[in-house]
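Multiple structures follow.
Common to both upcoming complexes is chain A, partnered first by chain B, then by chain C.
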Partner chain A sequence: MTTRPPSSPDSGAGERLAIAPAPGEQPQAATSAGAAGKSKRAIAGRPQASGSLWWLSLLSVTGFLLFWYAIVRFEIISQALLASPEQVLTTFISKLTSRAPDGATLGANFITSLKLCLTGYISAVCVGVPLGLIMGWFRKVDEIVKPLFEMIRPIPPIAWIPLAILWLGIGLPAKAYIIWLSAFVPSVINSYAGIKLTEPVLISVSRTFGATNWETFLKVGVPSALPMVFTGLRLSLSSAWMTLVAAELLAGSEGLGYMIQMGRTLARPDVIIVGMLTIGCTGAAMGYLLEKLERKLAPWRRS
Partner chain B sequence: MRSRRTAFWSLIILFIGMVLVAGNGCNQSSTAPAKEVVIAVSHQPCVHALPTYMAMTKGWDKADGFKIDYQFYASGPPQNEALASNKWEVGAEGAVPGMLAAIRYGAYIIAISNDESETNDLWVRPNSPILKAKGVNPKYPDLYGSAETVKGKTILLTTASTGHYAVIATLKALGLSEQDVKLVHMEQSQAMAAFEAGQGDIVQLWAPFDYIGEGKGWKKMSSGKRAGVVVPGVVIASKKAFEENPEKVAKWLKLYMRGIGEMKANPGESAKLLNAYYKEHGLTLDDKALAQEFSLRPIFDTKEQLALFAKKDGAPSQVEKWMSDLADFFVQQGRITPAEKEKFMKGNFINDKILKML
Partner chain C sequence: MAELTSRFRPKAHVLPIASLFLMVALWQLVVGTGNFGKALPSPMAVARQFWLMLFEPIGRTSLYGHIWASLVRVLSAFVVAIITGIPLGLLMGWNKKFEAMVKPIFEMFRPIPPIAWIPLAILWFGIDETPKIFICFIGAFVPVVMNAYTGIRFTEPMLLDAARMLGGNRRQLFTEVAIPSAMGAIFAGLQNGLSLSWMCVLAAEMVGAQEGIGYLILLGMDMSNPAMIITGMLLIGAIGAAIAVLLRYAEKRICPWKREISM
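And then the complex of A and B:
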């Protein structure tokens, strides 16, 4: 198979697809003891935030809640437009057991949405990550897939809803497909960019020691791309949760997106906010788990 | 050379200045008239917008010293969100958003735009087994289907709406409940697309989507009217407009009622205007559908409206009974609380004060 060494002059990282690595995600940090050394030096110059500055996070959350409480309490924003924190808390507690006003408890809505989100997300990642890695390493695959991918990439997932109904009906597959589309793109782009950032020296060393192109891909390219792959996984996860409301607009009788929609129909900002916060907290928790997994699988990456 | 260039640019600046001054002058002369009253009016792509559209098209508003700030909303929820932000003062919407506007934002129901009981309806495909039985329950002779043919079916509907109300009334008339069928929430346009793609067994629609469904060959199995419930469309005034400026609201309602009078007197001409209104908002209906907008949706003149709002010997008015039935349905569904229903029915939100001022 004809390959295009990622280090070749015409294959600069991120140049063929629009998203370049984020600042702080330098390729050097991806692999090798040298990279790890750089990371350590970088960390050495940074305050140990997790140990001593936790109170800053607490302060920001408390400040936000107080600000929220004050603007509703002093009617800077009407209660008809924004529910107060205590009203949201009351609704949250009541939704744990009550089906009103949207027809399902918060737990039932959560399970429905989680199932939907994970179906779309996992299937997107299973396809997107290998595709991005292969596109980034094998030039022929890149040339075949890239034009199609570039055409599909800018289409907003919700624009697919009418076609999703025609192709997949109104059940879980259609909704999961909408989420799949939104999660698929970041997985591909970041995996692609990640593997293109592989250190040319490492590739040369691998080849010097007689590794085949496939072995170099698996043993050098893929591990080197892992930090960017995880960035893609996190971005995909965010996209999946962000698209949930749109996907559940398609059809449904429960789910967090449906609950938010019903909150809108019934002019209940408290229900809307409970749905939003549940999505936000679940997304954050899943993001945290991904970060833990990343630290385990790619310990050289700077946290 | 330099002085020639300066003269050239001076002329250009002078010309632009003259155009601006002249333009401003024209504007002033065309819009200057004395003390024009501006009223923010909200509507949807629905026949109940026609009286306002008619007033604007025929220039009744200007003749009355009025300027209508017309606002268009795709459906009730965004219309109510705009109401909460004081974006409009009067408007027309469905009974459900009207009720919620009263409960949440203190708005008043000041008139009935039309009776849309027959155009909140349920449709099936022409080969549906549901069509094999009609009038199984003798109390509802025009209703298709039976408990056996409807049980277990999937119904595409817009939940928490007047359409949902018609669906539950239909199920009740057939001796069924919500638990006997599968209800799938969809917005109207998506429900149509899904039903056309072969999804679901029954689709709930309202006008003008139901005319489009009829055009596709679908058959009406039921409606609010056929299942014994009344679904009114309501005319709303915001709390602020109603309480602080009732004269202005009355002045607009007079125009609106003039439009209703014209719709009753000249349905043919009015249908042409309705067609123009729908086209402006991207909807195309054929002549039959346009005619049905007038034949299937009774409208009421001022005298009839006053009769509908009148309380006889302290008993609730006809409009209060309709809205109370709807509110009961919402309480049963858990969409509003009994206390909210109480607030709605006892808070004088269904109010004929403005009608009496006409």
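And then the complex of A and C:
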């Protein structure tokens, strides 16, 4: 899985596992596919593979911004529904210091959300990854845990929100619990799949050299599963981030999700868009950092 | 692989079934202690609630009406996402100029979770069907585009070269080599898109709706009826799983050359 070219059937299947999660789990699998898409592999077959096209990109982004500006400026879409890029920028700058209209500055909202997301995410990963690895390696554990896991898996984390609120109120524990769930499922699944795809030859070799099952697990299984584990970590993170927005939207009194919700209540499209962009950028930045970390920790991943 | 190393076990179903039973028994037991009061209903209470909901209308419509409402939203959004997303992804993956133009704009929108669009969607479209379909559409659109794009980009160069050597023109290369080879990735994208959009419909319905399965569990919360919430959650899970199975079946029919590894 680590050495074969990306389109060999085996790694294709592995990839598939990563990019086709069951209904319950978070979906930004696109992220993993996207990361793969960014690999430096030259696409020999693609036509017109010459010259740099950055000017086209620049042109299209400028065109997009101009278009956006124009439809608001000339009231093709009412200002009550859409803010122009310029207004968004102004709001962004003023929101850095001003508490209006939702009661906290952008920075404070951002910190609240980030803290909540990371709390849920890190605790989920600490439980989920070892669980997935152990489930994938030890048959008995698999048979006991998997039926329970399979029952929870297809239920989207968002569907837990009412129950969590009923049980834990609308404070931090309820949200942390939902985020925990949303990050837990993909990290288990990918660790599980990763260790299941360990090259049987490697296992046999290590056994031939007299390693115990536990040693083989630690020294062969886990390292070979690491790339998939990281895919899981990325999926979990984007899942956690998305669920966080939902949780704050539905039951929050602070945070970025609450901010955009307030933006809607007060009919302030500029605030909503600032919030959405902050959410998007933060999600992308966290994904990027995780990718960096992965290169450091699992450099043998194919790229 | 781990299973190669363990013995063949004819009674492989014993442990899974035992563990499920144990869980239900434990659940019943925990409820029996009475520590949870009304917050956690017993499995029996959930089953009773489910039975009741099969015949009694909830809110405006029956259980089937709620399920239907959610399904219609998801499926109509999904169809639109397929019609727009797959061609967009394929074109982006095939044509460099198109990619240079569209990709940066797409990349700007991609990291924004579909749920973060809810406030804007409500502001734009009010609270009837349109915003919900819009949210589901965004949820399905991003993975569909991304996977079609990646699928095309990962076409084996050797296959393309071979086709070219055999005299295929660009259109043939695209339709007869690149698209079939991207089919697996496209289907993976559809799976993702559908499950994401199934999740989005819940969020959208929980923010403001009068029917739908997301509304159902929210109603359960408002009425402090955990049995109703749990029934709703199990239904959501079951429908989501059923949709995924159907799509996998469609994939097997449409591209039988794809190998499967199941979790």
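Note that the second predicted complex is superposed on the first by the 219 of 303 C-alpha atoms of A that agree within 3 Å, B and C clash if a C-alpha of one lies under 4 Å from a C-alpha of the other, contacts with A are read in each partner's own complex, and residues count from 1 in each chain.
Convention: contacts are C-beta pairs under 8 Å (C-beta built on N, C-alpha and C of every residue); 3 or more make two chains touch, one makes a residue touch a chain.
Nothing here was measured: the structure is a model prediction, and the numbers come from that model.
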item: Partner chain in contact with A:L250 - chain B first, chain C second, else both or neither; value: both
item: First (chain B), second (chain C), both or neither touched by A:P223; value: neither
item: First, second, both or neither for A:Y258, with chain B first and chain C second; value: first
item: Chain B versus chain C as contact partner of A:L56, first or second or both or neither; value: second
item: Most chain A residues touched (candidates chain B, chain C); value: C
item: First (chain B), second (chain C), both or neither touched by A:S78; value: first
item: Which superposed partner A:G128 touches (first chain B, second chain C, both, neither); value: neither
item: Which superposed partner A:G120 touches (first chain B, second chain C, both, neither); value: neither
item: Touching partner for A:P162 - first (chain B), second (chain C), both, neither; value: both
item: Chain B versus chain C as contact partner of A:T198, first or second or both or neither; value: second
item: Shared contact residues on chain A - chain B and chain C; value: 81, 161-162, 165-166, 249-250, 261, 264, 267
item: Contact set on chain B toward chain A in their complex; value: 76-77, 80-81, 84-85, 100-101, 104-105, 156, 159-161, 183-187, 190, 193-194, 197, 199-200, 333-337
item: Residues on chain C engaged by chain A in the complex (per definition of touch); value: 1-6, 9, 12, 15-20, 23, 39-40, 94-97, 99-105, 108-120, 122-124, 139, 142-143, 146-147, 149-150, 153-157, 159-161, 164, 170, 173, 177-178, 181, 184-185, 187-189, 191-196, 198-199, 202-203, 206-207, 214, 217-218, 220-221, 224, 226, 229-230, 232-234, 236-238, 240-241, 243-244, 259-261, 263
item: Contacting residues of chain A [partner chain B, same complex]; value: 78, 80-81, 98-101, 103, 161-162, 165-166, 169-170, 249-253, 258, 261-262, 264-267
item: Partner chain C, residues of chain A touching it in the complex; value: 6-7, 9, 12-17, 19-30, 33-34, 36-37, 43-49, 53-54, 56-57, 59-61, 64, 81-82, 136-140, 143-148, 151-163, 165-167, 189, 192-193, 195-198, 200, 203, 207, 213, 221, 238, 241-242, 245-246, 249-250, 257, 260-261, 263-264, 267, 269, 272-273, 275-277, 279-281, 283-284, 287
